[in-house]
Amino acid sequence: MPLLEGKGVTRYFGGLAAVQHVDFYVDPGEIVGLIGPNGAGKTTLFNLISGALVPQSGTIRLKGENITGLKPHVICHKGIARTFQLVRVFPNMSVLENVLMGVLFGKPDGYDRKQARKDAEKWLDFVGLSAVKDWPARSLTLVNQKRLEVARALATGPELLLLDELMAGLNPTEVAQTMELVCRIREQGITIFMVEHVMKAIMGICDRIMVLHHGEKIAEGTPQEIANNRTVIEVYLGE
Amino acid sequence: MVTTIIEVVITGLLMGGLYALIAVGLSLQYGVARILNISHGEFIMLGGLTTWSLYTALGVNPLLSLAICGPLAFALGFVIHRTLFKRLLDTAASPGVFESNSMLAAFGLMFIIQNVALIAWGSEIRGYSYLTTPVHFLGTLFGANRLLTFGMALLIGLVFYLFLNLTRTGKAIRAAAQDPTTAGLMGVNINHMLALCFGLGAAMAGVGGVLISMCYPVHGVMGLEYTVIAIIVVVLGGLGSIPGSFMGGFILGLVGSIVTFLEPGLALVAYYVIFILLLLIRPTGLLGR
Amino acid sequence: MAAGGWTRREFLRGMVVTGAGLALGACAPKATPKPAKDKIVVGMSRPLSGPLAVVGDSAFRPVYETFVKEVNDAGGIHVEEYGKKLPIELLVYDDKSDVGTMTRLTEKLILEDKVDFLWPACGTSFIFAQAPLANKYGYVLITAEGGATTIKDMLPSLPYVFVTLSFSDWYQLPVLAQLLSKKGAKTAYIAYIADLHGIEYSGVAGIEFPKVGIEIIGLKSIPPDMKDLSPIIREAKAANPDVFCCFAYPDQVMPATALSMELDFNPKAWVGGPCVNFGFYQTTFGPAAEGVIGFTSFNPKQSDAARALAEKLYTGKPKEIQDYWGHPLYWAGLEVWKQAIEKAGSLDQAKIRDIIATERFQTVLGETWFEGGLLSKDCHTGEIGQWIKGEYEVIGPEKWATAEMVYPKPPWPKG
């Protein structure tokens, strides 16, 4: 059984289909890439999975359980976490407090104050931000804010992590470091579904890639298959 | 001369403590729940009149009323958010639409609460005298009730500050104030948090009303003037910034006291001048983003 | 030539017939009975909500409600031209304490609802706006809450308007000045609300006090929205006057009282504007109200009629609603209105106006009449009151006093 499975997922804005009859699945332990030109519906699909938006038709299942239309915090509790294309850390909280939010609220049950702090520090260490844990989040550089988002998402204890353009705006060194981070996350047993524009990154680490265009899925396969897919090349290079 | 300065400053701080408290309440409601609660002052009025009734009819000490009115106002605010504002939130097409709809609804709420109060308490001015004894303080005199009121406002502010920074729920409120969507995705039950904030804001207003009634007469239509002051303070401190609102309250109290000392007729003018200057020069307020 | 064809007899006969016809025609309205009328509709625009509701609900409202009930329980007012008693029916609109709304509602009452009578709106500035309207449409208007020296000047041009309430120079402050100077007061500090009311009272005091040798050593206006009056009380205390006057409304007189206690400011006389005269002042401050001076117009001890009115208005009700200044004057105004209708035997406004303007009536105040549109000051059964042993006594003018003025006032109670 796939970890995450969508069938006929559709969402319109006004009369325009942002995501149309998309079927997808993510198996446990995979890194799945989601690519497509701007406006293809990638972020909308993430919003539908994470509960920020509700699909007009279709179903989304997590480990076989229907999670379509559940509230964001419930979906989070069920084990899906995400980061954002444009970083959305809590700017006036410290770095540590940002991660604590994930620890404290990621699971519905109670928590132990000391343990929560330890967990948060563990995740900060994992993404390499221990040195700046008391800084206000707004004072971090972009790459560090992105790392903080990852740590905060990990702190909610997800089985599936949605990464929305994690590499965008980073320099080549930072991209390499971040790719390494993604691999280490998978080693923690966490499945990854990522939207990415940086082709080098996506080709290098994904097991499987899905291509969206105008809200529809036009291709799916290994990086090698996608790189040679005629339709995909046309979409990216223009007809 | 020195005595006069001390008097003016302390008078301003005493007033500022009350302003700060009620502004923090409004700040919670606007900063987190995105409701510009025009009926904020009505909760102050309810707190004041309830305290008056408890004191005159049953002899309940106004300090004890704090513990009665706070939770009652909280429950009222919580339920109102869960019923009225939750529904507006669900049906609003965008945050902007919600902000304007909720403000209009709050206007309606103001009339409803006001008229219920007029039915329950009538329109007479209600007052009682509590601790109206002079206290010598820094070489000058102050009413014991005013010093007590100030102490309570500070204490409540401090407790609330600790609550926001040290507790799980407090962190969720701060997160929701900064980015409600992300907070939701981090597992914070946003609807619950918004209702909680609205309720807490109402509780601050209720408690503020209790304190106000210790020093000033209260009546059914007193609410709006305090709402206006609270709005000015919140803008002064920065929308959504709770420390800002607290600071703004003291600044406004001080300015009011200094201007009143120079020319009593200009106190309210000074408030509005501050308001306009802020909007022109620093619309984000002192501590706003 | 036209008349040439008629004989003188024919002409005369024609004249008689025509004359009779005209006469008959002219008499017709009298001959046919008036259209059936089974009630007197009285219209009012009142502040049922908004800031003035505080005043309206405790001042004129209990008076007119009690009055209407009493009249209707007795079957109504006997009106000769209908040959029967007509009960009063009230038509009250809420003007939300807004002058503009009040004037629109007043015109609606007159033009659309065609009420038989107009009773007054609440507040001096409202009377200023309503009086010319009533006068324009020829409606008798006996006012309640409100009165001012400035309206006195307008009254000659407003024959339909009659003012009942006593005010600053009619004849409160001259009496207050006399009382204070007799007790030896030399200095006064005056704080007044910065509106028509406060300016008028401080102005009149500024004339009357020096006349009797009381020097005004401080004069400070209070903005209507001022919350914390402590700078003013501190300044007054520093000036150390014999007399402190606070010519403002309850929302400022109440905190001014509390602040005087808090700051231990205890002048020999503490005088407050419209607030001290209400029962709630005493229920709020209890023993601290002792010796505080305000305005008044009667005390139940003065006469059986006064006692009866107090019982009618206040029995079984909380002390807070008592108003010894306005209530008897408003009641007298309504009594004059009723008696004038009975004397006129008609609901004709002009007739009733003439009767009110010229005749004398027996009311709770005793013999009552209007002079130039103002209730004669000789009809006032008191001007200045003081809380003495928990009672609001009349202390001046001496003719009507029910108690001797306490001067200096006792210290504020401790604790």
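We just call them A, B and C in the order they show up, numbering each chain from 1.
As a convention for this text, a residue touches a chain if its C-beta (ideal position, glycine included) is under 8 Å from a C-beta of that chain, and two chains touch if they have at least 3 such contacts.
The structure presented is a predicted model; accordingly, all values stated were derived computationally and were not measured.
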Quiz item: If each protein chain is taken as a node and each touching pair as an edge, is the resulting graph a line, ring, star, complete or other?
Solution: line
Quiz prompt | Most centrally placed chain - per-chain CA mean versus overall CA mean | solution = B
Self-check item: Pair of chains ranked first by number of touching C-beta pairs
Solution: B-C
Quiz item: How big is the gap, in whole Å, between where the Cα atoms of chain A centre and where those of chain C centre?
Solution: 76
Self-check item: Separation of chain A from chain B, taking each centre as the mean of its C-alpha atoms, in whole Å
Solution: 41
Quiz item: Which of the residues in chain B come into contact with chain C in the complex?
Solution: 7-8, 11, 14-15, 56, 114-115, 118, 122-129, 132-134, 141-146, 215-217, 219-222, 225, 256-257, 260-261, 264-268
Exercise. Give every residue of chain A touching chain B within the complex, in rising order.
Key: 50-52, 71-73, 76-77, 81-82, 84, 88, 90-93, 97, 100-102, 104-108, 111, 152-153, 156
Quiz item: Any idea which chain B residues touch chain A in the complex?
Solution: 168, 171-172, 174-175, 178-179, 181-191, 289
Quiz prompt | Complex contact set, residues of chain C against chain B | solution = 49-51, 53-54, 56-58, 194, 220-223, 225-228, 230-232, 234, 250-251, 254-255, 258-259, 261-264, 275, 280, 283-286, 288, 320-321, 412, 414-415
